[in-house]
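Below: a set of structures, written as C-alpha cells.
Next, two complexes with chain A in common: one pairs it with chain B, the other with chain C.
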Partner chain A sequence: MSTPVTTAARRIAQEWHRNRSFIVWFTVLVLLIVVSIAGPWVLPSPSSQELAIRLQGPSLDHVLGTDDYGRDILSRVVSAGRISLGLSALITMLAVGLGSVVGLVAGFYTGTSSILMRIMDSLMAFPAIVLAIALVVALSSKPGALAETIALTVVFTPYVARVVRSRALTISQRGFVTAARAAGVRGVRILVVHVLPNALPTIMVQATFVCASALLADASLSFLGLGVAPPTPTWGNMIADAKPYISSSPLFIVAPGTAIVIAVMAFNLAGDGIRSLVDPRAKAVLNLQARERRQAKDSGIRGSQAASPPHQ
Partner chain B sequence: MLTGVPREDRTAWKDNVALFELKDLTVDVHGPNGDIRLADGISLSVEAGETLCVVGESGSGKSVTMLSAMRLLEFTAPLTVSGSAVLGGTDLLSLSQQAMTAVRGHRVGMVFQEAMDALNPTQTVMAQLCEAYLLSNDLGRTSGRRERAAQRSAARRSAMSLVKEVGLEESVADLYPHQMSGGMQQRIMIAMALMGEPEMLIADEPTTALDVTVQAEILKLLQRLQRDRQMSCVFVTHDMGVAAEISDRIAVLYAGQVVEIGPTSQILGAPQHPYTKALLECVPRPNTRLVGLMRTIPGSVPEPGHYPAGDRFAPRNALASQQDLDDPPPVVTSADGRHSVRAWRPVEHWTDEMVDALTGHPGDQVVAERSRPAGDGEPVVVLENVSKTYGTRPVSGWIRRVTHSGREGKTNRTRAAVAGVNLTVYKGEFFGVVGETGSGKSTLGKLMLDLEQADAGSKITVSGLDLGQARGLVEERQLRRHVQMVFQNPQDTLDPRRSVADAIAEPLWALTDLGREGVEARVREMLEAVRLPSNAGAKFASELSGGQRQRVAIARAIAPGPDVVVADEPTSALDVSVQGQVMNLLLELQRELNLTYVFITHNLSLVTSVADRVGVMRRGELVEVLTADELIAGASHPYTRALAAANPDPFKGLGAVASVASTTNHQTVTPIEEKT
Partner chain C sequence: MTSLIIRRIRDMVVVLVFVTTAMFFILHSIPGSPAIAILGQEASAEQIAALNHELGFDKPLLAQYLSFMGHAFRGDLGYSVSQSGGVMHAVLSYLGPTLLIATSATVLGVLVAVPLAVRTVSRPRSLLSRFLMGASSFGLAIPSFWLALILVLLLAVRTRVFPVTGYVSPLESPARAASFLALPIIVIMAHQVALLVITLRESLAAEMLNPYVRTARAKGASERRVMYRHVLPNGLLPAVTVIGGNFGSLLGGVVIIETVFLIPGIGYLLYGGVQARDYNLILGITIITAALIVLVNLAVDLVYAVLDPRVRLQ
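The block that comes next holds the complex of A and B.
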C-alpha cells in the first residue's frame, strides 16, 4: 500500500507543518555540502591567477568578482568550503567519538568519573581559542591541517564528554539497566547495548553544536594564520587576505564571511530541529506552536468570528 | 464574590439539590493527528454534604473529567470542553480564568496525588499556608505596613488552627516539605485546600502514593473534615476498596464514559453493568485464599482515540451480544433516579456461570494442582543474619579533613535497610514478602540476586551458591542461571530502543551457550509460554499495553530456566482488571516450571490469596513469617494486624448491605469464599 517513498514524503510534509525552520536549514546544510563537493568540478580553478583582472567587481565570468591575485572568488569560496566543512566534520567526528567514550565510561563506571572528568574540567578551564592556539603552536613548527585537527579535537572533546556523562548517569539509573544486570549481562555490553543507544539523540545534538563551533574555530585559526596555509583557500584565510581591501572591494571579504554565517546557522538550527525530533518535550512545544499558527490562519480567514472560542 | 448566592446561604442547597453537576461533559484534546476524545458525555452530580467517588482504571478519563471541569487541564494541553459543569448555579465552563481562580480558591479545594510535587521545596509549610490564606482572602495587596502585619498574624492564626485540624502538631508548620513524611505532606495539602473554606473538595487519588496504614488515617481525616464542615467531596480513585470506605455514591468510568452511577451499597452489592461487576470480582479479597486462578478481565483497557463502536466494554465482555458490539447503549435509570447504568440490558441477577464467563474464571479443574505443601521441600534461598546498611562511606585521610571538618556526626550517619534477617524459602514455594515503603522488602530481593551486597557477617545462600564469597564473572553467571528477577514497572525495565525479542534473548546470550538458532527458538518458546502472539517479538515496548509489557519481563526472567524468581511488585503498576492475568500467568508458570517465587508486594490481600507463606517486614526487620492460613486466622504480631486492618476492602460490611439491596443474589456476592 504505502511505499517507503510515500511514507517518507508524508513524514516530511508533516514535519514541514510542524517545524519549518528545521526543514529549511537542513536543506541549506545539504546544499552547502553538495555545492562544496561538486562545485570545484564545474567552476574555474580556485588557484588560476590573472593579475590583470585583480580585485574586480562581479561580472559574468566571475560572478563574485576576483581577489588580489585575480582569482575567481566564487570558486575560492566553494573550494574553501570543501576544506572548512571537511575539517570541521573530521574534528566533530573525532571529538564526538572521543567525548562520547569518555562521557559514557565516566557516567556508567562512576568510580572513574573523578579522574576522567577532572581532566576534562582542566581542559575546559582554558578559553577554547587560546587553548587551540597554544596547542597548534606547540604541536608543530609549521601550522597545518593535522595540527589544527588535533588541537580542536582536544578543545571540543570535554564539551561532548560533559553532556554525554550526565546523560549516561541518568540512563544508568533506569530500570532496564538494573534489569540487564539482573539478567546477567556484563557491564561493557550494557554500556554498548543499552546506555549508548539511549544516549545517541543527545550525542547527535551535541555533534551539530560541535560542528558549528569547530567551523568557527577553524575560521579563527586560519584567519590568524595558524590553520591551513595559503594558497589553499579556507574561509578564514580568505578573510585575512581580504582585510586590506575591505573598502575598495567589499565582496572579497563579504563572500567568505557570509559563507561562514550561513554554515554556522545551518548547523545550529538544523541541530535544534534534530533535538525537536528526538526530545518529546521540544516536540510538544512545536506541536502547540504549529496549532496556534493554524488557528491564527483560520481565524484570519473567518474574520473576527472565531477570535476567542469560549472554552479555550 | 462571584456567584449569585452568597456563601452564608449554602444550606439552601442542602436537600437533594445538586451542588455540583456535570452534564454531557466532553473533553477533546487536540493532537497532531486530530482530536482525541478523553471524556465522552460525562453526566454526574454531587449533592451538598455528599461524597461521590469517581472510580476507573487508567485511561478511563476520571482525572481528565474533574481537571477539565475545574478548568485546570487547559493549562497543560490544547483542548475543547463542551457540555456544562455547574457549581451552585454558576457554569464553570463559561467563566474566565481569572474568575475561575477565585472559584478554585474559595469554593472548591483541590488535593492531588503527589503532595511532594505540589508543595514548594524552598519554603516552610507555614509560609505556603499563609500565602494560600492571603490569596484565598484576596489580601496581600495593601501597602500599609501595619495592615500587612495584621494580615500576616491573621494568616498565621488561621494556618495554625488548620494545621491542628488536620491532625498535625504546631511545630510541624516550621518544617520544609522534604522534612515531612508523605502522610504529613498530604495533610498539609488538605489544610491548604481547606484554607478558602470551600463548599466542595476534589481529591484526585490523594492516597495512591501512600502506605495502607497512612491511607487509612488520611481517609478517616477526610471523612471527619467533610462531616464537620458539611462539605461535598469528589474523590477520584482507581481503588474500589477506598471507594467503599469513603463514598456515599460511586460513579464508575470506563473508556471516557460513566458506565454506572449509584449509591455505594448498590454499586458494590448489586452492580448492573458487567464492567462494574467484573472489576469488583477482580479485586483480591482480604483474608481469602485463592482457589484455582485469579479472576481477571480479558484484554486491556482501550486507549483514548481507539474506543470500540458499541458498548465500549463489549469486546472484553464474554456476555456481550451483537447489539452490544455494534450500537452504543442508552443510559437506563432506576425509578427513583438514584441509579443509572449505560447498558442495553442491565443485569439484575448475576449467576455464577455469568460471573465465571465474565472474569475468565476457569472453574475448579485446576484447584487440586495449585496449592503446594510448604516446608517439606529442600531449602533454596537461605538468609542468615542478613543486614544491609546504607550510608555515607567513611571518608578517610586528608579529603575528610578538608571537606568534612566539623561535621563528623553527619558523615557517618547510616541507615539499615535490612537488619538481621533470618529466612528460609523452600523449593517450589510461593513466598510473599509484605511491607510498607522503606521496610527494606525491595532491598531484600536485590540482595538475593547479588544486585546489592550485604554487610559483613551476613550469609546468603541461593540454590547452594554462597553469595558472600569473593565472586568473579563465572560465579556471577552461575548465580544468574538459578535466580532471576521481575521488576515493578515494565515501562522502565524494558529498553525503549530494543525489541521484545532482544529483551527476552538478553539473558540467553549472557548466560547460556545457545547459538543464534537456539536463542531464537527459545525466545519463540518463551513468547508462547507467556501467552504473547509470536509476532510480538518484533515489537517495541512502547507498542504494548502494560500487561503485555509485564509478560515480556516475565518471559525474560524465565528464559534462562531459573529455579527462583524474585518478583518485586510485578502487578502494582497494572490496572486491577489486568493484574489477574499477570498473576495467573505467574501461577501457571510456577506449576509448569516448578519455580520458587519470592513475591514482594505491599498488597496484603493479594499476597494472602496466592502465597504459601508470608514474611512481614517493617523498618528492615522481618517481623514474622507465617502461613497464609495463619494470616487469615489472625496474625500474632500487632504490626501485621494493623496492616490487615488498614487494608481497604470493597466488601467490608457488604453482608449487611446485601440484605438491604433486594436485587442482590446472595450466592453471587462472594463466590470465591464459598468454594474454599
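The block that comes next holds the complex of A and C.
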C-alpha cells in the first residue's frame, strides 16, 4: 500500500541516487534557516559586551572566540544570519515578484516588450554593485535596511524579468494557450491560469539564484558601510569590523565569511538541483555522469579509467 | 553583417541614453540639497544658495537635465567637487588599473578554465574533475573582498610573498606592478575560472551528445582530436556569451577589492565619491562603467556573429 509519505520517501530515495548534491545542499539550506531563526534564543546575546575578554580565541564559553568589544562571535554570526538571510529573502521576494510580472507581461503582450525590456536592458547595463551603491547613496543620506532593500530590488528585477519573459514567450506559443484563446478566455486569465503555472519552475530556480546574489551584494554593501550599520551585525559589516584584527584574531574574520560561503553555496546548488529537474541542458550533464557511472559498473572496474574511452 | 553592426550600435546608443537619463533623475531626486551634503549641516543659507547657484542646482530639473545631456554628448560629465576637476578627466585617469585587472583576470581565466573544463568532461569521474566541480561552486560563492582579505593574511602578512596593499603602474616598473597586482588578479580570476568551468562543462557535455561526436570517433579521430577539434569550437560559443554577460559583475568585483588593496582605480574613486557625497562623480562613474559594459556586449555580439554564421544570417 503506498501512502503519500512512502511515495515521497521513494521519490527522495530516487532523487538521492541521481542527484545527491541537491538533497545535501537543500538540507544545509533548511538548517541555516532553522539555526538563524532559533539560534538567538539559545545563544548568549550578540550585543553583551565584556571588554575584559576582547579578541579572545575559542573557548568553552565562546566557541568561536570574542570580537573587539568582547562580544560572542558565534552569537553575532548567527544573529547576523537572521539579518542577512532575512534581508536577502525579502529582496528576493520583491525582485522575483516584480520581475515575474514584468517578464510575464512582456512575454505575453508582445507589444509592451520593446519598452519594458529596453528599461530592463538599461538597468542591466550597469555593474550590479555600482548601481546598488549609487542607488543607496541617492535614496537616503543615511544608509540602512530600507535603502538597501529598494536598491537591490531594482538591481535584481531585470535579471528575473529577462528569464521569465523568454519562458512566457515560449509558453504563449503552445497549443493550450491558443486553445484557451479560441475558447474565448480573457487575456489576463490566460496569463494567470495557463502561463504563470507553467513558468513557475523557471521562476523558482531564478529565486534561488537571486537569493544567492542578494546575499553576496548585501555582504559587499555592508562591508563598504552602505548596508545595515553596526552595532546590528550583518555578515558583511562583521568582516569590515574584523579587518583591523585580521592577523591577531583570524577567527573573527573567518567566521562570517564562511557563513556567507555556505549560505551562497546552499542557495546556488539547491537552485542547480531544481534546474536539473526542469532544464534539458543541465540534465545533459547529469545524464553524462549517470552513463559514465553505468559504464564503470558494467565493466566491473571502479574509477575513472573504465569510464573514459580508450586513448590512441 | 554591416546591417547587424549598425543595428547593434543604434541599440547601444538608445540604451546609453536611457541609462544616463535614469541615473540623472535618480541621483537628482535625492532628499536634501547636494550643497548641504557638501558644506555640512552648519552652513548658512547664503552659503548653500551660493554653492547651489555655482553648481547649477538652482535651475529647474529639466533645464539641468538638458544641459547635462548636451555636455555629456560632447564628453563633458560635469564638475567633481571632491576631485576639484572634471568628472570625465577624473574617471579616465583612474580607469587604467581597473581595466588592467579586469582584462588580465579574464584572459588568464580563460587560459586556465578551458583545459580544466575539457578535463571535467572527458574524465567526469576522475578525482580532479570532482574536486574541480566542488571548487567551482565554492569559487562562485566566495565574496571577493573576503577572499582578498584572507589571501592578504596568508600570502602577504604571514608569509610576505606579496606586498600587502598598494599599486605601481606597469609603465614605471613591470616587475613591481606584477607583484602588487598578483593578489587582486588572483581574486578576480578565481571567480572567473569557477564560472567558466561550470558553464563550459555544461555546454561541452551537451555537445558530447551530438551525433557528430560518434562520427568523429568512428572515423578514427583520437579522443583529444574529437574534443579540441570538434566539441570545443561548438561548446565555446555559449562561453563567449557568459564572459561578455559577466563583465559587469567582474567590473563590480574589481571595484570592491580595489578598496581592500588600495588600488587607485574606479572603485577607489567611487568609494571616495560616496564618502564625499560627490553626486556628479557617482553619476559619471555609473554612466562610464555602463558604457564600458555596453561596448563589451557589442564586441561579444560581433565576435559571436563572426564565429557562428547562423547569427550572421538572421
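Rule of thumb we're sticking to: the second predicted complex is superposed on the first by the 281 of 312 C-alpha atoms of A that agree within 3 Å, B and C clash if a C-alpha of one lies under 4 Å from a C-alpha of the other, contacts with A are read in each partner's own complex, and residues count from 1 in each chain.
Throughout what follows, a residue touches a chain if its C-beta (ideal position, glycine included) is under 8 Å from a C-beta of that chain, and two chains touch if they have at least 3 such contacts.
None of the values given here were measured: they were computed from a predicted structure.
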(request) Return first, second, both or neither, reflecting whether A:Ala219 touches chain B, chain C, both chains, or no partner chain. (result) second
(message) Looking at A:Val34, would you say it contacts chain B, chain C, both, or neither? Reply first, second, both or neither.
(response) neither
(message) Just checking: does A:Val188 make contact with chain B only, chain C only, both, or neither of them? Give me first, second, both or neither.
(response) neither
(request) Mind working out whether A:Ser247 is in touch with chain B, chain C, both or neither, as first, second, both or neither? (result) second
(message) I want to verify the contact counts: of chain B and chain C, which reaches more residues of chain A?
(response) C
(message) Touch test for A:Ile133: chain B only (first), chain C only (second), both, or neither?
(response) second
(request) Return the residues of chain A at which the contacts from chain B and from chain C coincide. (result) 287-288, 309-312
(message) Quick check: in the complex, which residue numbers of chain B touch chain A?
(response) 30-32, 74, 78, 80-82, 93-94, 449, 451, 473, 476-477, 480-481, 484-485, 487, 489, 492-498, 506-507, 509-511, 553, 556-557, 560
(request) Under the touch definition given earlier, write down the residues of chain A that touch chain C in their complex. (result) 118-119, 121-131, 133-135, 137-141, 212, 216, 219-220, 223-224, 226, 236, 239, 243, 246-247, 250, 253-254, 257, 260-262, 264-265, 268-269, 281-282, 284-285, 287-289, 292-293, 296, 303-304, 307-312
(request) Show which residues of chain C lie in contact with chain A when the two form their complex. (result) 14-16, 18-19, 22-23, 26-27, 29-32, 37, 121-127, 129, 137-138, 140-146, 149-150, 152-153, 157-158, 201-203, 205-206, 208-209, 217, 220, 222-224, 248-249, 251-253, 255-256, 259, 270-271, 274, 277, 279, 282-283, 285-286, 289-290, 293-294
(message) Touching residues of chain A toward chain B in the complex: what are they?
(response) 14, 18, 174-176, 178-186, 189, 193-194, 197-198, 287-288, 290-291, 309-312
